[in-house]
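The following pair of complexes shares a single chain, chain A, combined with chain B in the former and chain C in the latter.
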Partner chain A sequence: MKKDKIITKFIISLFFMICILPLIIISLFMFVDKWVYPNIFPSTYTLKYLLSVIQSKELPKAMITSIIVAVMSAVISVIISYPTGKALAHYNFKGKHVISILILIPLIVSPLVLVSSSHINLIKYNLHSTLLGVSLIHTIFILPYTIRIFNDRFEEIGVEYELQGYTLGGNVISTFFLVTLPLLRVSVMLSFSLGVIISLGQYLTTLIIGGGRVMTISIILVPYIQYSEYQLASIYSFILIALTIISYTLIAKLYKNHLEF
Partner chain B sequence: MGGRSIKKIESKYRPYILLIPFIIFIILMLGSTSMIEQSLGYNNQEGISSITFKYYEEIIFTKVFLESIVYTIYISVVPTLISLIVGIYMGIAVHFNIKRKNRLNNIIQIPIIIPYTVYIFCIILILMQTGIVSRSVMNLNIIDTANDFPLLIYDKFGVGIIMVYVLKQVPFVYFIIISSLSNMDRKYIDVALNLGSSKIQVLREIVLPYLRNSIMTAFFIVFAFNFGSFEAPFLLGNPKYNTLPVLSYKYFISSDIDKRSYSMVINTIMIIAVVILLHIYIKYNERKNRRNYEKR
Partner chain C sequence: MSEVKIINLTKSIEGKYILSNVSIELEEGEFLSLLGPSGCGKTTLLNAIAGIVAIDSGEIFFGNIDVTNTPTNKRKATIVFQDYALFPHMTVYDNIAFGLKMKKLSKEIIKKEVMELLEVIELSDKINNYPKELSGGQKQRVAIARAIAIKPMVLLLDEPFSGLDNSLKNTMHKFIMNITKKYSITTIMVTHDKNEAFKMSNKIAIMLNGEIKQIDYSKDIYKNISDIKVVEFLEEFNIIKGKIINNNLVTQIGSFEIKEKQNKYLVFKYDQVHIKYSKDKNEMVAEIIEKYYMGNYTTYILMYNMERIQINIADDKFDVGDKVNIEIKDYKII
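Showing the complex of A and B:
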């Protein structure tokens, strides 16, 4: 019995190690200078690559582009998923089944298919290779998650609070700002951070819709991987991880407050 | 059945008003028949208004396409099964052995939020011929030169791709299992143990049947994702063996306009495959729910 427990604990800690492995490898590789083949550890370390990236004009541009795109797509997703989540949670209507399948579509259909079908639409609206176009395409992949968040929260709070607001003489606008929105503050922030995380990870969609003009961090990172510039690739990966982890800690904090609330 | 029942408002038009932004967005973004049009060779700009199945015929029976289908299924089924087995095992092991899961769960969430491109890069660093694994093996005197180390990325079995999927998706399956188990009533297990059943029996007769629904959902989502995923096969795959999305992408960016129709044919076929899969999944759920209802 004891032995069983120890083996299980060992496997769990191994799993734990594997989960943080990429972080360790990438932070090590940023500083590698010379690493002759059979050595387990690099022989010399350098700050050369890090400094060259920090001094380049590429980095601030890419970071600003990434953040703008991420924030825009997160905001658009929140705006769209708020009413959609409410409709699904509080109402019975014809076609509900179809809508809920439609929401799942981006999770199961290949991103390439979705991108190539919206490609031509975005060209028609003159949004191809613009920040807004890229944000819109990212929104498609964020919506399934954010609608789910709002749907769950609306089911949780029910319709009674709002009805109470109307009973006490509020109109649609004042009820929205004084009753519903404060109750959903956490969900809004949660969806926002999730949107930022998903948007930062998009590569193919940004490549096709961005047309090489919208240079997010992922877009710069992938060629470095392809052409074996390992140090530069790990620096950009590190920045990408740092941005996602900042958004993620925001989620974790909010989620904790949410549970207490 | 925990949770209180939710009161629904009966209103004819309000839900539709609330759905307007979503519907407009979907129509603006995805509402176009151009994919099917292009796959049928219909092109208004160039004055071709006749429909032809030429492109379907030309691509479906080629060796490249048939090999690509087999390879795609291989690349999507194998990591899905591995992730499911490991994820279910980890979920059950952690749930019944670890008391304070919060901190552990925070760490296990990391792979889910790290983008695929970063994971692909890590796998390259670990598995390439002069990578970390190769160095370790060399120091253990198992191989003599870097060339003796087997090709694990850009290889024809897609070991690197499978590794990326497994590392990213085990935590995903793990969380589905954990959240399902945390809603489970421990009474069933206690009763079974009290009546003298072994741990394996509890696992087989109570825990796994309880988890069946979540397992099916996890399988469906992970498989569909792997089937359509692009980055990992594109960056880690052997150029000779393409998955369907990579093949479609290669035709899509080709300068030959005819080739773009091939890409659209492949896309249409992928959509059909996913719709069939979705249909099977929904039918399976319906049948199971009905059976549960009859049992009661």
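Showing the complex of A and C:
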């Protein structure tokens, strides 16, 4: 019993250290004017960094770019993951096992290798430094997760609902929209949210493929960290977190009534 | 004209026959049970009739229409799956209305038909409930109502009672028998339970290894039994192998006249044997070696001249070790 309590306290402390403490520090840093060692709390506060970011011209542009790229990446991922997840769950074919492993490559291989090799093709098709090009690269890193989400769901629901739709007179389109898609709502929602989250957090891929012309929040944020501009870095980090939460909340609200399926 | 006619249906996977020359003919309103052990091809046959599984060869007719190459959604054959496959995101009303909506009927007609069916299945009060809020029996009733709502030419039931307890099974047996009779729907049911098959259907097809070994009216199945594999599957017969000598089948328990040379098995049902205490000590007698109380009857296992014979009788006065005379009341040589 005592041991259990210690473990519980340890897990809660760990969660606090990893998830909550950085948020508190970020929130504080947004208003810090001076915070020097060995002070535990900042000595002076200011709103000048926050105002400078709000008044900057690059913020709205970067936010819109980030949202467009994230939504495009998420949508493309969902569109690709649906048939892939279904094929892996419901069909037996030669090379199925190999494909299942290949899908995980973006998680195993260095992103730099993947981005470099994709770069050539994107230049070839004039997609370099474009929103679509950046979205496609982000998709590569989203797919391992979203395909897995769809694959698991298709395995769970089986083929019977769809077949039942057909035997009751439904054609492919009506059965898809009335039967299959509602059953996949949670998968669509999760995949979309995950797509947005992963895309918003992409720095290196956006930098290389975007060629400095596709300015997302991450592209603005990282140099501030590199040059120890912690106040500005915190504000942009906070915006990134807010965008992620907003996107998740919106999609969750959209499917609020269907979460149980 | 037959309502359902299946001619020489064949289906193989990786060189192995799942269905081999399956032929079935059913009149309107007939109830056929596909009876066989697990893995014999019953469900594949059902799926082939529904158009879910592609076949290698053969023909399927509904009425005078060849539906062999007709897509599933245009076949007018509806299947009720083992776990009912009620759409979880739809209410009871929407589930039943689904097929009618696919037919693009007007809202008023759909409402009228659904309400009528809800009354038949006695679930009018569950109209706005979701499947997760229903019991097993209620789910099955909704699944049946949904299937018959579109007035199919053939209703296909895939082991519909496998998830139900015994008392509910009996209720649902009656429900399905009544509703298929009321709407005169030609029905094909897959089952591995022979009691269920005999109780519900007027025709039974016994399937073994992808082949229909026997198809008959239920009352004629035992009468016309002619395949030793069917006898073995039914598990109600003693099977005694013999040798053919001069138009006689000679077995360890006696000699029997035969009509066809290839017949070499003497078969008789467990309940078609009469036993009595042996009085004549010189007479060949059987010895009871095992005895089991089965509730409404007693099973005795006897050894008779090196042959093991099972009998099921109401009388439980005999005991292990008793010597008895046996009399076979009805037998077949196949």
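Here, the second predicted complex is superposed on the first by the 227 of 261 C-alpha atoms of A that agree within 3 Å, B and C clash if a C-alpha of one lies under 4 Å from a C-alpha of the other, contacts with A are read in each partner's own complex, and residues count from 1 in each chain.
The criterion applied here is as follows: contacts are C-beta pairs under 8 Å (C-beta built on N, C-alpha and C of every residue); 3 or more make two chains touch, one makes a residue touch a chain.
Nothing here was measured: the structure is a model prediction, and the numbers come from that model.
Superimposing the complexes on chain A yields a three-chain arrangement in which chain B and chain C fit side by side.
When both complexes are overlaid on chain A, the residue A:N171 reaches chain C alone and has no touch with chain B. Once chain A of one complex is fitted onto chain A of the other, the partner contacts of A:I245 are limited to chain B, with no touch recorded for chain C. Shared-chain residue A:V53: touches no atom of chain B or chain C. Of the two partners chain B and chain C, more residues of chain A are touched by B.
By the document's definition of touching, of the two partners only chain C reaches A:V179; chain B does not. Taking Cα centres throughout, chain A sits at the apex of an angle toward chain B and chain C that amounts to 90 degrees, reported as a multiple of 10. In the superposition on chain A, A:A62 makes contact with neither chain B nor chain C.
Of the two partner chains placed around the shared chain by superposition, chain B and chain C are both touched by A:E160. Distance between chain B and chain C in the overlay is 8 Å (nearest C-alpha pair, rounded to whole angstrom). Comparing the two interfaces of chain A, the one with chain B and the one with chain C have residues 160 in common.
Those residues of chain C that touch chain A in the shared complex are 50-52, 71-75, 77-79, 81, 83, 85, 87-89, 98-99, 102-103, 146-147, 150.
Put simply, chain A touches chain C in their complex at residues 160-161, 163-171, 174-175, 178-179, 182-183, 185, 258, 261. Looking at the complex, you find that chain B touches chain A at residues 4, 6-11, 14-16, 18-22, 25-26, 28-32, 34-35, 90, 93-94, 97-98, 104, 106-111, 113-122, 124-126, 130, 132, 135-136, 138-139, 146, 167, 170-171, 220-221, 224-225, 227-231, 235, 244-245, 248-249, 252, 263-264, 267, 270-271, 274, 277-278.
Residue ranges of chain A in contact with chain B, taken from their complex: 5, 8-9, 11-12, 15-16, 18-23, 25-26, 29, 37-40, 79-81, 83-84, 86-87, 89-93, 99, 101-104, 107-114, 116-118, 120-122, 125, 136-137, 139-140, 143, 147, 155, 158-160, 197, 200-201, 203-204, 208, 218, 221-222, 225-226, 230, 233-234, 237, 240-241, 244-245, 248, 252.
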